[in-house]
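Think of it as A, B, C and D in the order they're written, each chain with its own count starting at 1.
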Amino acid sequence: MYSSQIRTDLALEAHESVQTSNKDVHSPIHGVEVQETYHKESNTQITRVFITTKNGAKAIGKPMGRYITIEAPDMAGPDEGYHREIAAELAHQLHYMVPALKKETSILVVGLGNRDVTADALGPYVIDNLCITRHILREYGKAAYNKKQVHSVSSLSPGVMAQNGMETAEIIKGVIEQTKPKLMLVVDALAARNIRRLSSTIQLTDTGILPGSGVGNHRNALTEESLGIPVIAIGVPTVVDAATIVRSVMELPGFPGDTFDTDKPEVQKTFHDLNNMYVTGKDIDETIKRLSYTISEALNMAFEL
Amino acid sequence: MYSSQIRTDLALEAHESVQTSNKDVHSPIHGVEVQETYHKESNTQITRVFITTKNGAKAIGKPMGRYITIEAPDMAGPDEGYHREIAAELAHQLHYMVPALKKETSILVVGLGNRDVTADALGPYVIDNLCITRHILREYGKAAYNKKQVHSVSSLSPGVMAQNGMETAEIIKGVIEQTKPKLMLVVDALAARNIRRLSSTIQLTDTGILPGSGVGNHRNALTEESLGIPVIAIGVPTVVDAATIVRSVMELPGFPGDTFDTDKPEVQKTFHDLNNMYVTGKDIDETIKRLSYTISEALNMAFEL
Amino acid sequence: MYSSQIRTDLALEAHESVQTSNKDVHSPIHGVEVQETYHKESNTQITRVFITTKNGAKAIGKPMGRYITIEAPDMAGPDEGYHREIAAELAHQLHYMVPALKKETSILVVGLGNRDVTADALGPYVIDNLCITRHILREYGKAAYNKKQVHSVSSLSPGVMAQNGMETAEIIKGVIEQTKPKLMLVVDALAARNIRRLSSTIQLTDTGILPGSGVGNHRNALTEESLGIPVIAIGVPTVVDAATIVRSVMELPGFPGDTFDTDKPEVQKTFHDLNNMYVTGKDIDETIKRLSYTISEALNMAFEL
Amino acid sequence: MYSSQIRTDLALEAHESVQTSNKDVHSPIHGVEVQETYHKESNTQITRVFITTKNGAKAIGKPMGRYITIEAPDMAGPDEGYHREIAAELAHQLHYMVPALKKETSILVVGLGNRDVTADALGPYVIDNLCITRHILREYGKAAYNKKQVHSVSSLSPGVMAQNGMETAEIIKGVIEQTKPKLMLVVDALAARNIRRLSSTIQLTDTGILPGSGVGNHRNALTEESLGIPVIAIGVPTVVDAATIVRSVMELPGFPGDTFDTDKPEVQKTFHDLNNMYVTGKDIDETIKRLSYTISEALNMAFEL
């Protein structure tokens, strides 16, 4: 059956979607707080969505927690360097969300995704450019850095289940038990609803990653509840589901939803063909490399003490 | 302005499109001959479209010449080996189109496209697995192969203009003048209209490659006229333009074309955002590697004497 | 100081070296048993070295245990396929060393090394081509394979400490605790002493991997003692230390060791410059890809029930 | 037969070698001028070797012409950026050797070597990061750059003969005839004699590239004589031939050359095994990427008007 649901990993878009479908446009949703600010230097729009009650979570379709979206239209394009201002903005928002980063701690950064699938390689690529310190600190101490405080930073690219036969959560749990970090950051490629958000939006959230609908107990969850340490997820949308594109067209003004019968076999077949298809930019290969560098530099900045 | 044109590189789809928009469905088009056969062993549907007159070319929107389409639904999926039956079918159709391959000759195989862009890398990847003989023949003669007849096979991956500042046609012309092959094959990734044709269709044509509308004189053309030797193009669709997907939906039965005003700003904006976006399969990275291997093996078979 | 020691990861070479330096050439060493057989079909020389006592271990400089070396001179060169006969020989020797493989069990295959360093990438590349079953078995059971017995196979490419800040042993311990395999295979690139053994020798051992001299307690050991399950190491030499090459020359007959003073500053400087240098074949990039495929196919064969 | 010749692509080393084997050390060689200067800011040693007569060429074993060697010990190691000072030094020396670069001209940059072989990939990698202008200038003119003078820069990575069946010189000649650049730069990985020069030396020469001994007519030469435009070669040694390493040891003081009979079968066998082997650094994969970036940035600087 055709489903009217539009997939998005962005709380910002989920919130927009609820707003739009309301008749009282822009009436507040109970249990959901939204703050918007524009930052001139980095040309970024910062939207903080706080889901504070179970009802708010149900309305938005995302778990309770804090979501910060950085919309940076310049990010998808090339730059002299690595979009330093945007990286600085991300570092700043990360410090806001995780004050613990201001004092020495130990951090595991996990890059989710499949390195061999372009649109899914963001996480592993970010890991490639991180400044890793844990092994140096264990071998030589802080003297090696000539500093009083140095975060212990380790990283992991666990790959995907089809490659290694294990749930990502199993690998991460095992590594956390052995190496005992106090904080985990997890970087992942996301799906958006709106094409204009591809490669130009970063979402930060303290809810971790909860595959599926966000309801119920998941053996695959990467959350504070399942892993025992705070889990901050950092994501950038790199694709839009092909079916989502088509559904967006159907929501355009003037589209006569009444007469277009989505139960007809031809329509169902078209949507079926769109499964396992995604929409992405023609320069996705280059963009992913650049994006990953912006994010790894942001993390390197955020980890400086 | 919104254009009702749907982009496809496949003559088969261009022909279908003309047929569908006709009221007399399946009435023959003058100057266009179509033959269809099903080959059981390779589970392939072979469609030969011969455009024999200028009027036929105008009707279809493709240059005069012969187009052979091999629809091989199994090709997109994995296989024990490299889809040997489909490769054999392609070799067979290539011999049909180019009888000159049955006697010793010299062949330049060109892999168009950008190796660093997944959906565009088919051509360069095919080149990577070809059996190249020209340098061996020049150094050691046919004795090296212990055969009476051996094709001289050379290859080139010219890259793309954004990388090297030169038209592909300039590089190829220079190489042909220096090395004087008698026949050129050019392999390229194509855009289709129908998602079901992605990675499961091969088009062979003796028209070469004529960028743009196929009308007028092109400095970038890769054709017998511009290069002085027969040019056979081999292509596989790897993407569908995102706008094409949406336009396909608008052609579904029940879609109220009359009331949906594509001149409205919101609709125009949606189509504008879809520029530079394409739709492709979630396993495109793996699929391109496999496809390229099927085609290079087909060429290696076709070049055996 | 110049050290007369020649580095090799091969028990076979360590044994040869002890033999050669003995005046009674080929006198047996107590606690070391050696069997040699030639297998015609695969054109391989199989040498089994069993170190059965602590004295034997001290004499050879390798831990007690069983070492099987497959010398396959054809392996370094190209082949129609993947050197099927050699892969079958490796599968056969693996079954001999690990009879547990003949009955259904669960196996973790670890690919050590750095995917981005050609000569060190063997382990990760082997993992890429393994048939992984664990996630399928957990989701669908053996019905998915239509067989009565299916090994549960999972895999891991843990990367290297400089990349992730963690000891390889930490990651592996964590993963074993979470996923509880009954057996571990670990694949690694080795250093040989003799250039002719590069890419043409496979060593199998049930001692696991013990970095360094093989004496004492190691937090980094990958052994049954440290991990709690049997650990079988599979290695192929891909490099020779540059200093080892030079030392080999010094052992040639006619080399007047007496007059060549290795304490001289110029000699010391030369050896110092050779640190961090290795010797390898000019076709190492291609060879590693081919080798990894032979080994992954051998494992896939060995895991068939 | 064992050959006493030591292979080096560096004129500097060829000159050193001649000097050393002379009894009158440092006596000038007729037809060879040598200037040495140390540049503090970039911590580089610049050696200019001018071979001005045929006798000089014969003495050194290199063609007549100018050779500039930049020894930059810092270059092999990592840096915050891309070794900007060294890049600036290379740009400066390039302007000294090619004054034509100071006025608007058209330049073809060729990256020799095999992208898939780590130690040989320097040339193709340099091409990847060049600022290419030719296609922009042809399409939009200098207005696109808002400048009065802009070099027309194009590039080519022709691959290697084993891959495409054509001599590199054939491809380059064809491209030059079609696109008519006024100057060609060619970037290549070199072999050095001294390990300490690996990845820390850049050689610039106006002799182009003359494969083999530098004597006689070569169809494969990339020189002004063969191509009709000035050819500047830029090379960095990335490997030392394994046999060269061993021969270096034999030249150490105290090495008893008299008694060490290189005609003995064991010695000959050892040298034979060293064929097709090279010595390189353990971090060669990473180093090549960094080096290529330093050189491409140097070229981008040198091409600014």
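Please note the rule applied: a contact is a pair of C-beta atoms (placed from the backbone, for glycine too) under 8 Å apart; a residue touches a chain by one contact, two chains touch by 3 or more.
Only a predicted model underlies this, so the values are computations on that prediction, with no experimental measurement involved.
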item: Where subunit C and subunit D overlap in contact partners, by chain label; value: none
item: Distance from the mean Cα position of subunit D to that of subunit A, given in whole angstrom; value: 46
item: Geometric centre distance via CA averages, subunit D-subunit B, whole Å; value: 40
item: Whole-Å gap separating subunit A and subunit B, where each centre is the average of the chain's CA atoms; value: 37
item: Per-residue multi-chain contacts in subunit C, two or more chains; value: none
item: Listing of all chain pairs that touch each other, if any do; value: A-B, A-C, B-D, C-D
item: Touch list for subunit B against partner subunit D, complex; value: 127-128, 132-136, 152-157, 159, 161-167, 170-171, 173-179
item: Residue numbers on subunit C that touch subunit D, as the complex places them; value: 116-119, 195-196, 242, 245-246, 248-250, 252-256, 259-261, 264, 266-267, 270, 273-274, 276-286
